[in-house]
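These are the structures in question, set out in turn.
Next come two complexes built around subunit A: one with subunit B, the other with subunit C.
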Partner chain A sequence: MATNSALAGQATAPESHAGHGSDAGHVVLRPADVKTTLIASTTAGARGFKRWSIVLGVLTIVGIAGIVLKAVQSLDDQTEWGYTAAIAAFLLTVGGGAPLVAVAPVLAKANWVRPLTRLSAAFSLMGVVTIAIMVPLVAVLPPLVTEGARRRSIWFESPDLTPHVMIFLAMGTLLLAGLGLFYTSAMPDFAAMRDHSTGWRRNVGKSLARGWVGSTVQWRTLRMRIGMFGTFYFLVLIYTHFVFTSDFAMGVVPGWRDAIFPMYHSMSSIQAGVAVTIIAAWAARRYLGLQDYLRLDQFWSLGRLLFATSLLWVYFFFSAFIVFWYGRSLADIAWVDMFIRGPMIWAFIPGMFMSFLLPWWWLIWNRVRTSVNGPTIGAVIVLFGLLLDRMRIYVSAWSVPPEQIHERYLHTIPDTVWPDTFDYMIIVGALSAAALVMLLIFRVIPIVSIWQTQEYQLLSKPVKYLRGHGVLVAKPD
Partner chain B sequence: MQQRRVLDQVETNRILLNGQLNTPKWWLPTVLGLGVVVLIGFVIIGFMVNRGLGVTGLSRPVYWGLFITTFVFWVGISHAGIMISAILRLTQAEWRRPVTRAAELLTVFSLLTALIFPLIHAGRPWRIAYWILPYDFARGIFPNIRSPLIMDPVAIGTYLTGSTLFLYVALLPDLGNLRDRTRGWQKTLYTVLALGWRGNPRQWKLQTVGGILLSALMLPIFVSVHSIVSWDFAITPAVEGWHSTIFAPYFVIGAVHSGVSAVVTMMALMRWLWKWDDFIRPEHFDALARLLIVVATAWLGFTFLELVFAIYSLDAPEIALRELQIFSWPWNLMFGVFLMTGYIIPVGMWLFKSVRNNIALMFWTSLFVNIGMWLERFMIIVPGLSRRTPFVYTWDSYRPSLVEWSILVWSVAWVTFLMLLFSRFFPLVPLFEQKESQIFVDKIKIGRVNVPAILREQE
Partner chain C sequence: MADRSILGLFQEAEPAADAMDGLAQAGFEAGTFDVLTGTPYPEGAFGEHVPQHRLFRFPAFGAIIGFTTAILLTAGTQIAFPMVTGGKPILSLFAMIIIVYEMTMLSAVIATVIGIIFESRLPNMNPGAYDERITEGWIGVVISVESTRAQEAESVLKTAGALEIKHAS
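The block that comes next holds the complex of A and B.
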């Protein structure tokens, strides 16, 4: 019993019990207004867009220069690339996890997520930047056979350069799956742009809509494809984290055997994905005037998700920590010395505070979660915390001299590695490039999905409930 | 909710209170039969306590065997209640309603049963008292309080207390209902237990808030319990196959897989025995099976990671252990059965909607899962201990004795016996949840189509 967005035009708008501009309650929007407002959002704030594009573009060039200069200086020295590995891991964590916000609640038929699906799916395209940063890292990564002996790896007896190839294969597949999810779910909106916008946007809409007319068959296929791409994306994401963590963290530290680490990485990716979606939704409200589309309901639900994922983050962290701390074998002690109380303790303590303690204390309050700014502040804290956490892990791991790679455990804990000028350039450049990608995407297509919003309007109806208000939410099969 | 039949409150009461007001004919003989099995089990336990652990198959180096496996198994089953009740309540999943009470009950009874196993495994259970009172920190001659072996009873005790409270709070409205429909000693019992429940708005509000708060409080306990059980093993570097960082979430997800499957088994039995076709419908099995596909696949992922990172280190003893588990007789047979029954057969079948909506197939596949999950715990615990290791002057293969198998059978009979006894006095499907769901369910007309809808209150 599928509902169809083609029915959008037939819906008559029932009365709203919350006026426009109010964050709480259910707001009723006319389908035509939805289309007009959201298409107009792609052209809103042209001056600001231009200014920010230039700034981000320049910073991206600075980042590229940083990578080139670092490569010239130390392509043969693995220990110099810790911060680059950390920023690559951070971008994979953030950009990889965000689309799951679009996937998981949709599979559970949660309607609140509909206005966020476009936004979160678009983050997968940040993978372009991550793949670019991986190029020098892969060049620096030692082959499986070094100094005449095979090092520990998840690839066991595979050819020497398997990790180098597999990471590109995994990240490339992830990017394609993300693109597939993003594009498939955007087709009806491209058709709307084809029919209702002008200039180059109309041409883009025409070529990307691929003959979309909203027939029953097209809608059915669209839903099926979204489900398939969503599931596939999730599986590839887990696989990518598995490969990345094994080859670019565990594989370069002797004696580090940590079965939960790929899952810890994936878990923090979901946490970061929720956080970045909140921040992007806040920015869209603030700068594109989408208050009627990205409402309290979305921030409240995302705030709860951020709270839950922060708890899960600490659970996964502690599950590993207690085994190393209590185990007290030489390899266990080395792990604690290296990653907790060792050279990166400056990142560990604030990272722990910002990834778990502060968001937990902040988001536990219902009043904070039921606001727009509350979850946003929590999300900013979480993202900073995760950046520090990635630095703790990857800078430590990459600081181990390759000569030790065949040892049974780490005999000597390396000194703290501080970022140099090139590292700062790469970090700023990578973050700017990722932001620029997002900025450009939402100049082409609305940040809030038109058809998802229209469908949500169809599927929900404000009703009186006892002496208060309620919403009747349809759950089609 | 396509398969729902609209029932008025009187009819709902009549059908769901049939266990208490009109006891079915099969109930007494079944309870008596199980009672006999339970009694024999207690006699065997008494025999073992009298003779000592020599009557079991346990010996050096396999000092943890079938009892600890069954302990972990029942702790796992206990995760059903909170998974179904607390998580689905917090996420407002409408299909949870007929299942919650039975799931919570399974939690309480399986925890009670789990607690018995370490006690009897100790050989002389009365000596446990010396571990607790007085607890001697100063001279360090008593067990280490930081040890998971001490944290286990603390965590399980907290979980049991919380689960019982959770069950009781949700039972209050139904107790009030029973109080008003019974006479004599039963009325007195329900009057005392109902705590003056009248169903006024304040009481409903408190009951709802209490339920939500308890749900939120129970979640961390639920996760911590099986994590602590897993650390009994994981913090031991001396036994290959145990010292793994993934054990905590691996045990938790396995417990959810096993617990939710046990709920499916129980739901099928409830539907058949009490003829609650209007309340426990194929759509509930369908929803649970879909949940189980996700949970089981996540569990398989954890199993894969556990295995990969065990051999990742390329340590010879670790590789030898995995060879023993996967390729050596009889472990290879067990490994095959575990994989087939724990994942391949059930999940392979649940992918088909016709299976998910078939109660008999769901019953059998969910039973398969728990056979597989019991074997999984056995495969984790025993092979690691039974390998020859340096500095062990004696070793022997482990073969559980008849006493151990009898106690395993007793535990299943004991939980079933307690469930049936409970069903005689309290409704297994919450009445108030059913009535509430009748109010919250509606339809929205979209074009020419009526789409099922749920009412959600707004702040």
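The block that comes next holds the complex of A and C.
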């Protein structure tokens, strides 16, 4: 077993960062206390949970009603579904990207990420809501052969409804990989629920722990499974973004051909995933009393990632934009008129500010990054920015009349489409349904992984170094 | 044939490791005794027997099956309904890649899930002796043993410092 010193740095925020109070430094937690506190977090705030569940449940029903009413009114009119496509894209962006926070740092053996892995992996289960919203979108999406001719797509000779089937297959695979990642890493904690919780939680723990006892072979295969599902998840996520952007954005706009756009979409998904993990961690810390588990170190590290991904946002955006701007072909000019200075400029400008400029300016300051609230504010800004960005892209794309589908480029730029009552209902309902899924998950299993927290406690030790303090962290081979 | 499961409970890791050494020295076969923990200790920390696994075979076989099926499906479709697009050959690999990739990944993921069930020995229908305190930091050393050697195994566990001994058949 090799050991490395994490003095003054990476693994734990050094004490010398005055002003962050008890958030800095290392807290020694006994395994029994970790177990008790984290299991108790599933029952904490019962009244608040009930109230929020009811509110979110009602809003989810409102969203379902919005979809049904919109379907009754305009299932044959693609241009009416832009905001629904935007919110589906936003949920894929947020819920799809978050689990990578549980994958990439873990594969790199980072210690700060341990309390966040459960939280971020759980976001993959938001895929249930995304898939549900995709149903009316797929019903509206034109087949490959429309009006007697084959429209431009990535599917070449494939059967007529290939994009309709493949998007469900892609999203289903992503959900399965996410579920595998979440469940396998949660198995030891289900065993802890089986052993130490009460009532229905005990029964759920018993069923889902599947006889887990913590033997050598079980721990060994658990580590490998997390690595495998993490790798699969990343590979499928990129593919899903590729299929989604190709069929639900580029495929419905004549003349839009952009090799960078799918990657831009995937990258902004990672940015959104980091942002939503920060916000959820802040909420868990604030409302579930998990200050000893979700500490400055986690927010500091995520703040750095958010800063880096915000810079990547502008890199990918500009890489795509410059091709169209310099291209000056009729198709290129139409793209700039459509997506930049066109009908959704009201979403483009604030979206650009909030996805890149504001978070960049905000997170560049050390004092902001080395705090709990600073990265959280940055994360809220980023999420709003990305919601506006998805509206810019998908509302514009879906506002193109279907009769133009066979044109070589967009001859007429559609007018601005503003959300109607049903759109508001769908947006609010979709976001509420996603939040409700998360809320329900964390009533069953602790939001912070018990075994990963205990493992960090096992492998770390506060030490005095010269006149300072640090944490010695063992990294098993 | 082993018909008894004996669990020694320890509060500290050091005596648990001593118990594992003691069982090996007493001649109990590797693989018949194991350490149970609520936290993953580094591999080999207790001197435990680390069995070989075949976990990587499952996704590999799944991916091969998915890949082959997808090639057959896409090639078969294009041969059955030949249609020249953009002057490209009927069997254009780039057009097939999208479907092939998806089916390969889907099969690999499903095979991995199946692999978990086999390789993790889950669901564990007969877990043997167990104690709930293991998930709150205690360490268990469990041995499957014949009745004739049960006394000897128990003695080794006690000598190493087991705070409690539990039995299961």
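In the analysis below, the second predicted complex is superposed on the first by the 456 of 477 C-alpha atoms of A that agree within 3 Å, B and C clash if a C-alpha of one lies under 4 Å from a C-alpha of the other, contacts with A are read in each partner's own complex, and residues count from 1 in each chain.
The rule we apply is simple: a residue touches a chain if its C-beta (ideal position, glycine included) is under 8 Å from a C-beta of that chain, and two chains touch if they have at least 3 such contacts.
As the structure is a computational prediction, the values presented were derived from the model and not from experiment.
Contacts of A:Leu472 after superposition: subunit B is touched, whereas subunit C is not reached. Contacts of A:Ala44 after superposition on the shared chain: neither subunit B nor subunit C is touched. Applying the stated contact rule after C-alpha superposition, one finds that A:Val368 touches neither subunit B nor subunit C.
Of the two partner chains, both subunit B and subunit C are touched by A:Ile154. Using the contact criterion defined above for the overlaid structures, shared-chain residue A:Ala65 touches neither subunit B nor subunit C, since it reaches no partner.
By the document's definition of touching, neither partner reaches A:Ile340: not subunit B, not subunit C.
Residue contacts after overlaying the shared chain place A:Ser319 against subunit B, while subunit C stays out of touching range. Once chain A of one complex is fitted onto chain A of the other, the partner contacts of A:Leu458 extend to both subunit B and subunit C. Of the residues of subunit A, those at positions 1, 154, 156, 458-459, 474, 476-477 touch subunit B in one of the two structures and subunit C in the other. Considering their complex, residues 34-43, 45, 48-51, 53, 55-56, 59, 77-78, 81, 83, 85-86, 88, 92, 95, 98-99, 101-102, 105-106, 108-110, 112-113, 116, 119-125, 127-128, 130, 132, 134-137, 140, 142 of subunit C touch subunit A. Contacts from subunit B toward subunit A in the complex involve residues 2, 91, 220, 223, 227, 231, 234-237, 243-249, 301-302, 305-306, 308-314, 442-444, 446-447, 449, 451-459. Residues of subunit A touching subunit C in their complex: 1, 30-32, 35-36, 154-159, 162, 166, 169-170, 172-173, 176-177, 180, 184, 188, 191-192, 195-196, 210-225, 228-229, 232, 235-236, 239, 243, 450-451, 454-455, 458-459, 474, 476-477. Of all residues in subunit A, only 1, 3-4, 7, 10-11, 24-26, 108, 152-154, 156, 238, 242, 246, 250, 255, 257-263, 311, 315-316, 319-320, 322-324, 326-329, 332, 370, 458-459, 461, 463, 465, 468-477 touch subunit B in the complex they form.
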